[in-house]
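Across the two complexes that follow, chain A remains constant while its partner is chain B and subsequently chain C.
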Partner chain A sequence: MATYEGMTPGTSSGGAAVRGRPFNPLTIDEPRRLGLTLVLPSIIIVFGFLIFPFVYSLILSLMNYDLARPQDTRFTGLQNYIRLTQDRYFLNAVVQTCIFSFASVALEIILGVLIALVMNQHFKGRGILRAVIIIPWALPSIVNASMWSWILNANYGALNALLTQLGILHQYKPWIAEPGWAMLMLILANVWKETPFTVILVLAALQGIPETLREAAVVDGAGAPRRFFALTLPMIAQIIMICALLQLVWSLLHTFELVYVVTRGGPYNSTDLIPMRIYWQTFKALRFGYGAAMAYLSAIALLIPSVFYIRSAYKATVE
Partner chain B sequence: MKIRISLLLVFLLAGASLFAESITVIFPKHEADLSGAFAARVKEFTSATKIDVNLIQMGWDDVNNKLTAEMASGGSSYDVVEFDNGNVAAWLGANWVEPLEAYMPKGYTNGMIPGLVDLFTGADGKLYGIVWNNDTRFFFYNDAMLKKAGIKAPPRTWDELEAQSKTLMSKGIARYGLAGFWKAEWALVNDWHFFVYTYGGKIVDKKGNFLFNKDPNTLAAVSEMVKLLKDGVMDPASLTYDQEAVNNIFLKGDVAFLTQGIPGIMAYAQDPAKSKVAGQVKVGLVPGAKPGVSAALTLPEAYAIPKGSRNKANAWKFIEYMTSKETNKKLAQQIGILPIWTSQYTDKDLVKLYPYWADFSKQMASAQGLSVLTWYNNFVDVCIAETQKMLSGKTTPQQTLDEMAGLLKDYAGKP
Partner chain C sequence: MRRNTRARLRRASFRTLLYVAVALIAAWVLAPYAWLIISSISTKIDLLTVPLKWFPQRPTLVNFQSLFSEGESALSQGMTFFSRSILNSLVVTFASMGICMAFGVCTAYAVARLTFPGRRFYLLLLMGSYMMPPIAIVIPGYVILKALGLLDSRVGLMLVNVTFILPLVVWIMRGFFLSIPLELEEAARIDGSSRFGALVRIILPLSLPGLVSAAVFCFIASWNEYLYAFLYTSMRSRTLPVLIGEFTTKVGTDYLKMAAAGVVASAPPVLLALIFQRFLIRGLTEGAVKG
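Here is the complex of A and B:
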């Protein structure tokens, strides 16, 4: 039987509850009952929207649960997971997701740091530029995706118009018809949207570096590259790490809209990232069990950068 | 006193709204319905029956996604739903929709185009949907372009289409012969079916056994898709186009042929505000593998009553009203939708308004629907990826069909 161990006599107002006595909610004193009542909605929400779906989808992932073929519904254990390791389209999605994520994060970090360094200088219009730079990040993902879909349009796209007018292209190019170009364009679209986040964080870190340190380095005769690598970079490395990990997690989670609107995973699955594959298998093919298994494997993959992120964030806080 | 009367009125109205009959209906916005013709008919239904309708209209994909989640959860949010012909096998397999015999007057479908009724009839012989959108696709060509190039008649075969396209392109009359909606989405598989049908190809038999990888006509059909692209007759950006993009390219005058045009294209084409080819477009028979062979794809959408509906009788009243001959004619007159009733193709008012419907009716005899399979969505997934790979020159047509069969082997023999 559950016992009420949360309180000991004399430690709070809950004098009625005594260690070892059976738990009875009716005997809880007023303040504690109020506390429980106040946290109850949160408990219900956490259970309803987090724990229940988590457990339910785990059960689903262990079943052959195809809505279009209910007669085949049965418990199959780890069969969905085993099948995933042999699913050519899923394995391709893993590879494409890795290419997309690592390339996006690398570009976002390099560009983000460079832009932050420029914006850390004193120049006219710096305030306006800081406000403007955040716009891509503030745009809803679906708006960003639609915008890039138009930019890349084979017949009316701005990119084709620009490159043709500059004389770089002689005729319009269907950018998303070729696998390499399609992936590159998705990466660029993602970098365009996500880089401002890195800029803001790195800029904040840069502004935390004492000016006296920089001045001392100048007096010691250190040039700009030396100052950056010996002084600035070590001092913002923690923030860069946090940005990289966050961007990595987001590039795995937040790319569905971009892929769905711009390429739909094509041509021939060359931009078919994991969220798109999960969507297709679950909501198009109606294979809820198989889709749940994919989602679980992705969640486990996401845990790795998440653990590193939490450790980095904790380390940064302690330091 | 005034306050009391006002309060009384508020209570009366609130009470009345609680007891008023209402249904919730969801279906996609018809591409030709730029004037709210469907919404107007729904209002008429409410006036006639006193049944309020909460009408939800959005894009096809959005409706489809919304309904999948709703139906899978066994919800009761909707009383009348969009039932696409591509979903027939899956939805009937999942037991999501109600057979209509219990609500429908006997003989209600007499006089409807038989193919449209058959597509929504289950293996148990029961009818599960009444078509609201007779979405049969037709072959349109730019007659002015052909005449300018000295071509006397539209193509009857794919070889003729290719030859005519090359003439038009070499004379600078058209940028390309045609464009395909071959982006990595659902519609690509519609086009795949279309090509297979024009070659008389077979995809699966009634038991779900694969024919597509053994049938020479299917192989010839997919080979034709590759050939059109390779020979430069098909717009090379086709792998990035959806249906709307292809329609726009035709209406812009960039290509001479539109092989799978929606019926409403003719109305758009005649409107100079929406088209650069006003007065130049005509309807022909879809080219086939050889002269005399033609086929079209029909993608009808129906109204159905979900199992979870709590207002099934009223839902049927809505379906009956919206698919009646009178409403169907009004919609045809107003926005040019294709009727579902055979008699309306000879209706004097409609024939006067749409003389080209005579050409439509010739094509409709050879219209076929998509494959009816409970695993159709998996077929689509595989078909999109492998066909795009083939169109990009990475695999041969035979390799593509074999690869598809291999990837779908778990479903072989399952209808």
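Here is the complex of A and C:
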């Protein structure tokens, strides 16, 4: 950067005039001014539509703002937050969200690394498999949710048909009518969609490992497990870490449509994740203030893993 | 000699295991989506027979036809709900994409190459806003759009999409700009090109893979977006994902229509992802972004 600054003429907009060109704001060559000009639109967007709503959300969360009773709108301080700590539906949602997210991420990472290891081998059709692995990732999440809702259908679902035809099940099972199974199936649907992301990143990292290193390990007589734990794993550890954090942040507060379409939070609130709860309180019960408090508290709690991610990503790309 | 056969045996069993694993992975990845496609070309009778046959006796396009011929109202302005939602999705997606690319590329260049006050802070802010869960923005966003009279409008939805896609573009493009050697730009500048000229003539053509990657990310992110569209739009400007959600959540679940609509909605992102895979993977690994 420093050498580049040294090259830049001090008064370069003047320089342009000297060269006899008509004045054009786009050719202003002063890096500070150009820099600010270029980022200005996106600063406005980020502040206007992200930072401002985030602050506004805090204000809403401190109010009794009930669309069904607008005449009662008033500032109530921390009352919404105090109510949250006693809201057993919210506490249940926190627990279910943690179960869902940690189980999903663990499976996505284990499965993702295993698939990537297989796909890093030489076999016929490798190109095709590498191409199609991206399909679940590209699928709209609402299509994923609707698709799984159809596959899991109690009477005509493909999963029931498959398992009975294979002789594993003797009679059709209403998967999403039983609390434990419902959660498991949501995790399955989520893992199916999210695993390719891990596979792609881990595979790219695996391909970055020099072949000579592996050969040297073979010559030294290291077996496959030893090679994996002593050579491969340390080299993909960082990308696994980034993947895990991203997936965690993602599944903690982004999982709405899957729950909304497949289970609607049921049975008996066993799959009632935080986004579903917020949606219910805000847009169905119309308690905007209370919903905002719920969303705000969850977002702040999420900032902890986010900060970890930002720090590791920042280290990986900036330094 | 015996050692040799043993080694060969081991290699053969490794190959077998490998191909079993490959087959399992392929089945796991493809089967659910294949079932959606098969369902979309089946009739009710095919799908409701027990035991289930895995392929329809007479494949049909009737489910697709009904999407384009049924369901109209004054609010969908002479189109079926389905056609209307496709139009809405296209308009919102391309508008968001255009704005995100224009602003995102400028911002990425600035944070990658120029020094200006608050550069590091701004970079962190962008990353932070990328991690911001939509659910935290959804409620104030609703109140704000309502106050602006932009609920159930394409413009409102486009504004919201731009907000969460812009950081993604900046993040991808910044990585690409940083990977272009500074000397190239310097050479152009010594030859009398302005900084902006160097950006347009040297940097942008060189980072074409990045531009493609970012544009495809924009398209997929905006096209697939559900939560905001679901909450902020209704009959007039609801997008394709919102309509698909309604097939399975409103009274009278219609899995056939859902499957057909799902195939239509997933075709653009899936095809784009398959075609531009190399670019996407580079974009994904460049910034480890989440689509």
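The working rule: the second predicted complex is superposed on the first by the 272 of 319 C-alpha atoms of A that agree within 3 Å, B and C clash if a C-alpha of one lies under 4 Å from a C-alpha of the other, contacts with A are read in each partner's own complex, and residues count from 1 in each chain.
Note that in this section a residue touches a chain if its C-beta (ideal position, glycine included) is under 8 Å from a C-beta of that chain, and two chains touch if they have at least 3 such contacts.
Please read these numbers as outputs of a predicted model, since none were measured by experiment.
Considering only the touch criterion stated at the top, classify A:Pro174 as touching first (chain B), second (chain C), both, or neither.
So A:Pro174 only meets chain B here.
Considering only touches as defined above, state whether A:Phe49 meets chain B (first), chain C (second), both or neither.
In the superposition, A:Phe49 contacts chain C only.
Would you sort A:Phe102 into first (chain B), second (chain C), both or neither based on which partner it touches?
Touch status of A:Phe102: no partner.
Who does A:Ser141 touch here: chain B (first), chain C (second), both, or neither?
Once the two structures are laid over each other on A, A:Ser141 reaches chain C alone.
Can you tell me whether chain B or chain C touches more residues on chain A?
Comparing chain B with chain C, the partner touching more chain A residues is C.
A:Leu286 contacts which: chain B (first), chain C (second), both, neither?
Touch partner of A:Leu286: chain B, not chain C.
When the two structures are overlaid on chain A, which partner does A:Phe123 contact: first (chain B), second (chain C), both, or neither?
Second partner only.
For chain A, which residues lie in the overlap of the chain B contacts and the chain C contacts?
Common to the two interfaces on chain A: residues 153, 264, 283, 288.
Tell me, which parts of chain C touch chain A in their complex?
18-19, 21-22, 25-26, 28-30, 32-33, 35-36, 39, 47-48, 50-52, 103-104, 106-107, 109-111, 113-117, 119, 122-129, 131-144, 159-160, 162-163, 166-167, 170, 175, 182, 186, 189, 192, 194-197, 220, 223-224, 226-227, 230-231, 241-242, 244-245, 247-249, 255, 258-259, 262, 265-266, 269-270, 272-274, 277, 280-281, 284-285, 287-288, 290-291
In the complex, go through chain A and note every residue touching chain B.
So the residues of chain A in touch with chain B come to 67-71, 88-89, 153-155, 172, 174-179, 263-269, 272, 280-281, 283-288.
Can you name the residues of chain B that touch chain A in the complex?
That would be residues 65, 68-69, 72, 89-91, 93-95, 183-185, 236-241, 245, 249, 254, 374-375, 377-378, 380-381, 384-386, 388-389, 392, 394, 407, 414 of chain B.
Sort out for me which residues of chain A touch chain C in the complex.
Chain A reaches chain C through residues 1, 4-5, 7, 16, 19, 26-27, 29, 31-36, 38-39, 41-43, 45-46, 49-54, 56-57, 60, 115, 118-119, 121, 123, 125, 129-143, 145-151, 153, 156, 158, 161, 164-165, 192, 196-197, 200-201, 204-205, 239, 242-243, 246, 249-250, 252-254, 256-257, 260-261, 264, 274-275, 278-279, 282-283, 288, 291-292, 295-296, 298-299, 302-303, 306, 309-310, 313-314, 316-318.
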